[in-house]
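Below you'll find the structure, written out as structure tokens, and then a few comments.
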Amino acid sequence: MTVPALQITQLAKSFGGVAATRGVSLTIMPGERRLLIGPNGAGKTTLFNQIAGDFLPDSGSIELFGETITRLPTRKRVHMGLGRTYQVLTLFPRDTFLHNVALSLIGSEGGGWSAWGALKHRSAMLEQAEQALVGVGLGQAAHRRVSETSYGERRRLELAMALAQKPRLLLLDEPLAGLSAEERETVRVLLEQIPRDVTIILIEHDMDVALAFADQITLLNFGQVILEGTRAEVIADPRTREVYLGG
Amino acid sequence: MQFWIVQSLNSLAMGGLLFLLSAGFSLIFGLLRIPNLAHGALFMLGAYFGATLLASHMNFWLAALVSGLGVGLIGVVLEAVLLRRLAGNEQGQVLVTLGVAFIIADLCLLTWGGDPMPLGAPRALRPPVFIGGFAFPGYRLVVLGFALVCALLLWLLLERTRLGAMIRAGVDDREMARSVGIPVSRLFSAVFFLGAFLAGVGGVVGGPILSAYPGLDADMLPLALVVVILGGVGSLPGALVGSFIVGGIYNFGSALFPDFAYVVLFLPMVVVLVIKPTGLFGRVLR
Amino acid sequence: MTGRQLAAWALVALALAVVPVLLPSAFYLGIATHALIFAIMALSLNILIGHGGMTSLGHAVYLGVPAYGVAVMTMQLGWSPVPTILFALALGTATAALFGVLALRASGLGFLMITLALGQVMWGAAYRWVGLTGGDNGIRLSGRPTLFGINLTDAVPFYIFVALILFMALFCLWQLDRSAFGACLRGTRDQPRRMRMLGHDVWRIRWTAFVLAGFWGSVSGVLYCYDYQYVSPAALSLPQSAEALLMVVLGGAGTLAGPVVGAIVITAIKTIVSSYVDRWYTLLGLTFIIVVSVMPTGLVPGIAAWVKGRRA
């Protein structure tokens, strides 16, 4: 039997008496593309935060490729192959694109700063960073500062920073948010091109792109899993209509 | 035995004084999100005002009230003139309060000179009180009682009045308070007044024990910091409990290990920081 | 190193070398020496403030503790200069390692408050622990040492010694600025959460920066003790921490030249004012308020922007 990429069991978390996650269980197999849907406040990003380790759950467990990570600090999860992008851009605005990706690569090396020496002498790593930028079509922008670039380019940088680490499980939080139709198409193609040895969990409100991308869909509401199934099953289910139309 | 009883009472009186100092500090921090580093200087200013008024034969409690009002007014001006224009720049605000602390300290030195100025306790409260054969310094009991009354009044103000409800809402979540129409900037003035007023009154009431001297500000500010680090920011019960802990440790520390009175203070702070960095009663502020 | 960078460093060396020629009197050279020592202190604090985004109000600890280390070892135990200096540097750095653990339990204003409280604790210890520190009277050294056969008693050799160390400090911090670690430290300043999500140990990066700042602060502390040949609780006081902070903010946090410019300006003002009136603290306070209100980014970035604007 294959070990799941991610197995969440009965995860629960409340903030000051308000339950944000209530007994969520999820199993995601290697190579899968899973879409999380649900209205605003359904607990999608909160679930990402817990998978990433931003805060610890009150109860339940999380396993990454068969290893329990429930109480591990974020960086250890990252070193085990977890990657993430944010809905709200979190970049290093005063640095160049290249240095943003370099920070990502230094992070995945895991401490032990092999370089107290100058960053620019680490040509192998910078080469790798440049490749990651080329991979998202930002090869020419490598030496521009984040503050001098367009929103669409920053979105792609966000993706490049996650992909440069060669994650095994990638959490994408609304990678299309705020993009024009043309930019959406670019990112859609980029997402399609991610090799199948990367497992992806996606939160996305652009249903055209998201539904085409996903193998399986999980519907969340009020911090609970309402429904899980293939695209056709979830679309056909009356509970989906109920959640979205506030039945 | 006499030593322990007297020192315990001294500790309680010191705790009461620290509460007067740190309750305002904690509330200001809770609401404005800045540690007011001029708070020790405001306390000292209260002591000097009190010493001056007492020298002109004013009634002790009236002198405390007048000094408190004067210091409170200075607090309001400080907030309105200097801090408000730096809204959003918390680090800048802290540095400004530090600058004001230096200016107040220097002007006090200029005005009142370098020699300590004693503040006499009210005549009726000076003789020791005898309970069960032990002599208690009467004035310290009064200080303790006064601080507890202030704590009760503050608690009533915060829990039972409209102003208090608005302050609590502001401490809990400032953005939320603003969005439901609470006049947050007027609240800032009110809390700054209250905090500075308490510090000023505390300076006078503490005067007979501490007297007014250059450096009183630098002695008191770290005590307020430790109280708030211990008790948690913006919490009145935290300030009360923290004050008595710090008062006790400071007082017994000074009596038993005079060389290390300050270092001893450091121990409870270390323990709390290691176990619960938000302080005993603290919450994470939003 | 590129040609331009080499030229810049040569210019810095030249500027440092020309000072003894321009200031022939021992009095003025002494003031220049004070300024350079505070420049090292401000540079060390800038690691925390400028690069790490951590505002410390207790940096006098790393000036005062090693200064007391030098004074006690020299005057009470009779150690020779080299072991004394090594001990003082180790003492200051170890203090930073310990205090860093405590202060980094919090961030932002909590960090500021804890560093302030820890600084006051050390000040109080120096003030009260009379047996070791001489209390308010402080400890007076019997003279400057002879290091590697060079007697540092006179103003000129001591100035050259301090200038060499400042040059080294500038070079090391310039390297830090360009290193992977420097990039990580700035990353934790701008986006700590993202840094965690990229696999960085944010706490360790900050703590390392804290220790590094403590080390370079200790370097300034050793020089301070030999410069004034005297140490008192003033070296550990809140005004001393605040002055260092003001030097960084006034000159420009996060720049290499800023803390040096700030240190020179503040030392000059302090020297000039002290010779006329005794109101340094009022002026210090006013300077704080003016700097924060009028030029929050500091002199060096301000002038750089102005020059850029003129060229455009």
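Chains here go by letter, A, B and C, matching the order in which they are written, and residues are numbered from 1 within each.
Methods note: contacts are C-beta pairs under 8 Å (C-beta built on N, C-alpha and C of every residue); 3 or more make two chains touch, one makes a residue touch a chain.
Treat the numbers as computed from the prediction; the structure is a model and nothing was measured.
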## Note on the structure
Quick note, more Cb pairs in contact for A-C or B-C? It is B-C
### Summary
Averaging each chain's Cα atoms, the one nearest the global Cα mean turns out to be C
### Where chain A and chain B are represented by their mean Cα positions, the distance between them in whole Å
48
### Task
Provide the C-alpha centroid distance between chain A and chain C, rounded to the nearest whole angstrom.
42
### Centre-to-centre distance between chain C and chain B (centres being mean Cα positions), rounded to whole Å
32
#### Entry: Touch list for chain C against partner chain B, complex
55, 57, 102, 105-106, 108-110, 112-114, 116-118, 120-121, 123-125, 127-131, 237-239, 242, 245, 249, 279-282, 284-289, 291-293, 296
## Note on the structure
The answer for chain C against chain A in the complex is residues 175-176, 178-184, 186-187, 190-191, 193-201, 204
#### Entry: chain C-touching residues of chain A, taken from the complex the two chains share
52-54, 73-75, 78-79, 84, 86, 90-95, 99, 102-104, 106-111, 113-120, 122, 161, 165
### Task
In the complex, go through chain B and note every residue touching chain C.
33-35, 37, 82, 85-86, 89-92, 94-96, 98-103, 105-107, 110, 218, 221-222, 225-226, 228-229, 258-263, 265-266, 269-270, 273-274, 277
